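Read the structure below first, then the notes.
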Amino acid sequence: MSDVTRADGRALDELRPVTIERGWSEHAEGSALISFGKTRVLCTASFTPGVPRWLTGQGKGWVTAEYAMLPRATNERSNRESVKGKVGGRTHEISRLIGRSLRSVVDMRALGENTIQLDCDVLQADGGTRTASITGAYVALVESIAWAKQQGHIPASAKVLTDSLAAISVGIIDGTPMLDLPYEEDSRAGTDMNVVATGSGAFVEVQGTAEGKPFDRAELDQLLDLALVGTRRLAELQRESLAGVEA
Amino acid sequence: MSDVTRADGRALDELRPVTIERGWSEHAEGSALISFGKTRVLCTASFTPGVPRWLTGQGKGWVTAEYAMLPRATNERSNRESVKGKVGGRTHEISRLIGRSLRSVVDMRALGENTIQLDCDVLQADGGTRTASITGAYVALVESIAWAKQQGHIPASAKVLTDSLAAISVGIIDGTPMLDLPYEEDSRAGTDMNVVATGSGAFVEVQGTAEGKPFDRAELDQLLDLALVGTRRLAELQRESLAGVEA
Amino acid sequence: MSDVTRADGRALDELRPVTIERGWSEHAEGSALISFGKTRVLCTASFTPGVPRWLTGQGKGWVTAEYAMLPRATNERSNRESVKGKVGGRTHEISRLIGRSLRSVVDMRALGENTIQLDCDVLQADGGTRTASITGAYVALVESIAWAKQQGHIPASAKVLTDSLAAISVGIIDGTPMLDLPYEEDSRAGTDMNVVATGSGAFVEVQGTAEGKPFDRAELDQLLDLALVGTRRLAELQRESLAGVEA
Amino acid sequence: MSDVTRADGRALDELRPVTIERGWSEHAEGSALISFGKTRVLCTASFTPGVPRWLTGQGKGWVTAEYAMLPRATNERSNRESVKGKVGGRTHEISRLIGRSLRSVVDMRALGENTIQLDCDVLQADGGTRTASITGAYVALVESIAWAKQQGHIPASAKVLTDSLAAISVGIIDGTPMLDLPYEEDSRAGTDMNVVATGSGAFVEVQGTAEGKPFDRAELDQLLDLALVGTRRLAELQRESLAGVEA
Amino acid sequence: MSDVTRADGRALDELRPVTIERGWSEHAEGSALISFGKTRVLCTASFTPGVPRWLTGQGKGWVTAEYAMLPRATNERSNRESVKGKVGGRTHEISRLIGRSLRSVVDMRALGENTIQLDCDVLQADGGTRTASITGAYVALVESIAWAKQQGHIPASAKVLTDSLAAISVGIIDGTPMLDLPYEEDSRAGTDMNVVATGSGAFVEVQGTAEGKPFDRAELDQLLDLALVGTRRLAELQRESLAGVEA
Amino acid sequence: MSDVTRADGRALDELRPVTIERGWSEHAEGSALISFGKTRVLCTASFTPGVPRWLTGQGKGWVTAEYAMLPRATNERSNRESVKGKVGGRTHEISRLIGRSLRSVVDMRALGENTIQLDCDVLQADGGTRTASITGAYVALVESIAWAKQQGHIPASAKVLTDSLAAISVGIIDGTPMLDLPYEEDSRAGTDMNVVATGSGAFVEVQGTAEGKPFDRAELDQLLDLALVGTRRLAELQRESLAGVEA
C-alpha cells in the first residue's frame, strides 16, 4: 500500500472502529446495533412461523430485508419516505441488496416454512450504511435462528446457515485504493465498490461503479483484494460477537 | 396513594427510570436519546434559517415535529408506513401533538424567521412513547436554540423559550390511578390520560380517554394531580441534562 | 357567568341553535343531518352483518367512523383529500376520536358480530364540526340499531347502548370561558377544549389545548363545568329527536 | 309516446320532480342544492382571482370541476376515495365531463384572469348524478359570476356566459326510450345516453353507450329528441331559480 | 363532400394509411401492432382461466382493458403515471371506454369463466389513439379467443363474439366534417366525435364533444355518416388481418 | 470455450442477434428500437434546454433515465406500476443504473445547461432488458446530441461524449460461463453479472450476484473476459448504426 494519509489517520487497508452490540432490542428475536465509525445501524430480525402465500407448501423458508434512514441520520435532514408516500429508488435498491445477500447463506429447506424479516434502520450515517447493514443484519439473523431453535420452530440439528456473511466498501480516491470509506472519502471517490463476501472468502455481490472515469482491470483487482481484507476482519468481529450463540 | 403493587415494584406516583442522553447525534443541531424504562426515543432538532413560504416576511419562526416508530420497536413487527405509502392516523395525531405542545413554549418572534424541525423516532416502545417524545424533544429543542445562538442565527439575548415542557401518561387500572404506564399497564387501563405541562406547572395539553367505562370528575382530578407529580420530576431531569446549555 | 357579550348575542353558557333532522338519508340504516348554528354535518350509519377479519369469531361487534369535509365547507376552498391522495392529519385524528367515543357507549357483545360504520361529512363548517359530528353520529347510530332490531340482526331485547353520548367545545376568549365556539371565536381562543360526555354526565374524552398561554387548574375546572351544561342540553335534544325509536 | 307505465308513474318524456335551492352555502360565491327525484347534489362555485400558472398572462380565465360521492350516497356504502388514496376512473371521467361542459358556455376572455372551481358532491344518489351535477353547477356558476361582478372582479358589462346549460339522461328500457332514468331504470337500460345541451337547444356533449345490444340510427334519433325535451324543461327551471341574478 | 384540402392530401372521408401487424408479441395469447398514420399502438390480449372473485360461479367470463402512453409517445414528453403515483383522468376514461366497447361484442356466457385482459400501449401518438386502440384490441381479442379454443379453454363451437368492432374519430374543422383526425386537425376541431361501431354498422359508443361552439342536429348527422364510412373500412381491414383465425 | 451446447445453438461467447433501428420515433430528439434476440426495447432521448432547479447556474447539464416494462412484455402479465400507484424496486434500480451509466460517458460541462431524459420501455422481454436498454439508450443519446448541435443548443465543436457505452449480461450455468443470457438461461444461472463498459474497454459498472452458491475469483475473471467480448461487439454495432451522425 502507498503512504497516502487518510483524514482519520487510518491505513489504506484498515477498517474504521467497528462495534457490534448484539441483543440490543428487548422485543426482536435477533438484533444488533452496529457501528462502522460514526455510521450506526440498528438491525433487527423478526422471526415468524409461516411463509408468504406464494411460497406455501414447498417446505422452504423466506428471508427478506428492509433498509431505511432516519430523517436526520445525515448531515442535512431529508424528508421521510412515509410522508412523501413512496420509498425512494436508493432505499429500494439497498433493501433488495441486503435481502438477496443474506439469502445466499441461508439453506431455505433447513429453515423450513418460517420467515425472517430483517430491518436495518440507519440511526446515523457517515458512509458505508449498506455494508454496515449487511454485516449487522447477519448477526441479528444468527441470533434469531438460535432463538427459533430454542423455541422449537427449527430443529436444533438443522444447518440453516451455509457460511457467514459480511460486506465492505472500497474505492479509489485520487488514484489510491482504500478500504471502508466514510462519507467524506466516498463523495470524492472516482470508483466506488461494495463487496459482499462469505466468511470463507467467496463473493456474493460485487458492485463496482465508476463515479468519475471508468476503471480498468488492474484497478478492479486491487479493489477486490482490499475488500477481502475487510470482510475477513469483519467475519472475525462477527464471530466474537456471536460467541456462545448456537444457530 | 393506595398500597397496590405494580408489576415493576414502583410506587403509584413514581416514574420509571428516566435517562436523557443529550447530544447523541453527530449531525443534528440538537438531539437527545431519552428512555422512560424500556421505551427509547431518539429526538433530533434540525435548525434551518428561513421559514415555510406561508410564513415568510412576518418576522416569526416555526417549530414542527414528526413522530415515527421503527417497525420492530414493538413486540410484533408492524409494516413500515413508507412501504404502505401512507402515514397512519395514530402517527399523524402524535406528530401534531408534539409540534403543538412545543410551540406553546416558544416565542416565535424571538425565534425570528427560522425553522426548527423535531424528529422523534421510537427505537423501542413500551408505553408512553408520545410523552417520552415530548420530553426528549424539548431537550433537543433547547440544544438547537443554543447552537443557533452560538452560530449567530438568533441574538444571544433573545428569550426564545417561555418555559420548559414535559409530558407524562397517567391512567386508572382496576380503579387505582397510576403514573407513567408501561405497555402492560396501559393496555389494561380503563382511563388513560396524557398531560403536557410546563415547568411552572400549567397545562398545555390534557387528553383523557375512557377506554373502558367513562370517568367522573373525582377521577379526573386525581389523574391531574398525579400527572403534575410526574412532569415536575421530569422538569428537574431536563434541567440536569441541560446544565451549561445557554438557550 | 360574566356579562361579556358574544358576537351572536348568546349567553356564555348557551348553545347555538341546534337542529337534528333524523332519517335524512333514503339509503342508510341510520342518519341525521345536524346543525350547530351554521355548522352542518350529515351523519350516516351503515349497518353490516359480520365483522372485520381480526375480530371474527369472538362474538363481538365493531363500530368505526370516518369524518371528512366537503372542499367548500369552509370559507376558503381546500383541496380534496382524494385528489391529494392522502387523508390529512386533522381528518385522521377526528375520525379516530368519533369512533373511539361512540365505542365507549356500545356494548360490543350485545351488538353481536355486526359492524356499524359512521360517516360524518361536514357540508358547512363554522366551528365545532367534531362535536356536532359526535352528537349527530350518536343519533344515526341509535337509528341503525333500531333498524337492525327490526330486521332481526340483533335481538329486540339486547341492550346495545349503555348510555347516550354528546360532545361540545368550550374555550377561553380574552379570559372568559364560553360554550360552543363558532369559527370566529374558536380562532381567537387562548384555550380550546372538546368534551365528550355521556347522558349521565360522565366523561368519555377531555381534550384541552392551550393555543396561546398554558392554562391553570381553575380554568380547566370552569371549562369542564361549562361543557357539561352543553352536553346535558344536547342529550335532551337527542332524546327528543329519537322519540319513538326503539334501540 | 307509448303507453308503457314507469314504476313511479311518470310519462316517458317526463322529468322526475326537480328542485333547485340556490344560495345554499354561506361560504361559497355560488351554490345550489339540486334534486332530480331522490338524487341530491350540492354544487358550489369557488371564485378566485388569478389563473393557474400555465394560463397566466393570456387574459383568459379558467373553469374546472370536481365531482364526488359521499360514501353512503348509494344503497351500499362505498369506500372513500381519500382513504383508498386514489380517485376512481368513474369519478375522474365525470369531473372532466362537468368541467368541459361548463367551459363550453363560458367566454374565457370575458371572464378575464379569474378561476371558477365547481364542486359537485352527491349527497344522495338515485341515477342521473352527473346530469344533475351539470344542471346544478350551471346555477352555481351563474351565481358566482354575479358575485364577481358585484365585487368588481369582472366588469358588470362583461358577457361571460354565451348560453345556459343543462343535462339529462335518456335510455332504452325493454325497447322503450325514456327520459331521466332513476337507478332502477338505469340498471335495466339496454342503451344509456347522457346529453348536455344549451338553452338554445344545441349539443355540447352526446354520450351514448350500448350496455346491452348495439343501437341503430333510429333509436339514437329518438333518444336525442327525448333529451332535448328534458334539457328545455331544465333550462326553464334554471331560469326561474336564477330570477333576479345579474350575471 | 366539399373540396377542402387536408394537410396530408386525403379526401374528407378517407382514413389515414392503416396497418395491422397481428401476432406481434411472442408472449401474449393475442396481439396486434396497429397504425393509423403515425399513431402506433401495441395491443395485447392476456387470456387467463378463471374470473375475478366478484364474478365467480356465475358461468360468465370477463373482458377488461388498460390504456397507456409511453412518456415520449407525444411531441412533448409527459411524466410517467407510475412515477406520479396515479393514473390520470384521461387514461382512466379511455381504459374504461375500451373495455366497455369490447364487452359489447362478447357473449360472456360463451366465453365461460375466463378472463381476457387487453392492454393498449401507445408507442407513438398522432391523434386517434383511442380509436386505434379499440380497433387493434379487437384483433388481439379475436386471436386470444382462437388460442383459447385451440388450448381447449373454450369449446371450439362456442360463439363468443357477436360481431366485429372498430372505432374512428370524426370532427368538424372550420365548418367541414372530416374522418380520422391526426393531432394537428384534432387540436383545431370545433366538434370532435369518437364512434365505436360493430361490423354490421350498429353503434356501441357515440361520444361527441363541442370543443368550441355547440353543434346542431344536422352536424351530428353528418359526423355519424362519416364515422360509419370509417368503421366499415376498418372492419374490412380487420377481416383481412384475421384471415384464417378461427375464433 | 467448452463444447457445451446452448438451447439456441449459440457459441458460449456469442451474442444473440442484435438489431438497432435508430430514429424509430417521429417525435423524440433521439431514439432507437433495439433487439437482443426476442428482447425488444424502445429507447427515446428527450432533449430539453435548461436543467433541474438544483443544478441551475453551474454551467453543467444533466442526463437521467427511466426504465419500464409493458405489462405483457413478459410471459405472464404483470400489473402496471401506474395502477399499483408505485414504482417497484427492480424498476427503480434499473432506472438508476441506466442513468448513472450514461452519465459516465457525458462531459456535463460540454453538454451545457441542457437536460437529456432517456426512456427505455421494454416492449418484449427475454432476459437482458437492462443491458439492451443501456446499449440502445446510448444510441438515442448520441442522436439527441447530434440534433441539439444542429439546432444550436450545443456548439458543434463541443465534445460531449467521452467514449461510447454498451452493456451485456454474463452468467455461469451448470458451471459454464456464457455470454448474453436469454430468460431461460438467466433463470438457471448460479452467478449472474451485468457489465457496462466503454468502447475502449474500461468498466463503468460491474454488478455480479451469486444467485446460487457464491463465486470465486477465477469465475469472476472468466465472466469479465466474456463480458468484454460482448461489449466490444456491441460497440461495433452501435458504430454502424450511428454512421453519419455527428454528435
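The letters A, B, C, D, E and F name the chains in turn, as written, and every chain counts its residues from 1.
FYI, contacts are C-beta pairs under 8 Å (C-beta built on N, C-alpha and C of every residue); 3 or more make two chains touch, one makes a residue touch a chain.
Molecules present, by chain and UniProt name: A, B, C, D, E, F = Ribonuclease PH.
All values derive from a computational prediction rather than experimental measurement.
Colleague: Hopping along touching chains only, can you work out the least number of steps from chain D to chain F?
Modeller: 2
Colleague: Touching both chain B and chain E: give me those chains, sorted by label.
Modeller: Of all the chains present, none is in contact with both chain B and chain E.
Colleague: Determine, among E-F, D-E or A-F, the equivalent of interface A-B; equivalence here requires over half of the contact pairs to be the same by residue number.
Modeller: Comparing residue numbers across E-F, D-E or A-F, the repeat of A-B turns out to be E-F.
Colleague: Considering only mean CA positions as chain centres, point out the chain farthest from chain C.
Modeller: F
Colleague: Roughly how many whole angstrom separate the Cα centroids of chain C and chain D?
Modeller: So the centroids are 33 Å from each other.
Colleague: Taking the mean of the C-alpha atoms as each chain's centre, how many Å separate chain C from chain E?
Modeller: Measuring from centre to centre gives 51 Å for this pair.
Colleague: Using mean C-alpha positions as chain centres, tell me how far chain C is from chain F in Å, no decimals.
Modeller: Computed value for the inter-centroid distance: 59 Å.
Colleague: For chain B, give me the residues that contact two or more of the other chains.
Modeller: Expected reply: 85-87.
Colleague: Around the ring, starting with chain A and passing to chain B, what order do all the chains come in?
Modeller: A, B, C, D, E, F
Colleague: Could you please specify the touching residues of chain C with respect to chain D in the complex?
Modeller: Touching chain D from chain C are residues 25-28, 31, 38, 42, 44, 46, 48, 66, 68, 70-75, 77, 80-87, 91, 117, 119, 121, 123-124, 126.
Colleague: Using the touch definition from the top, list the residues of chain F that touch chain A in their complex.
Modeller: 86-90, 92-93, 95-96, 100, 104, 163, 193, 197-198, 202-211, 213-217, 220, 224
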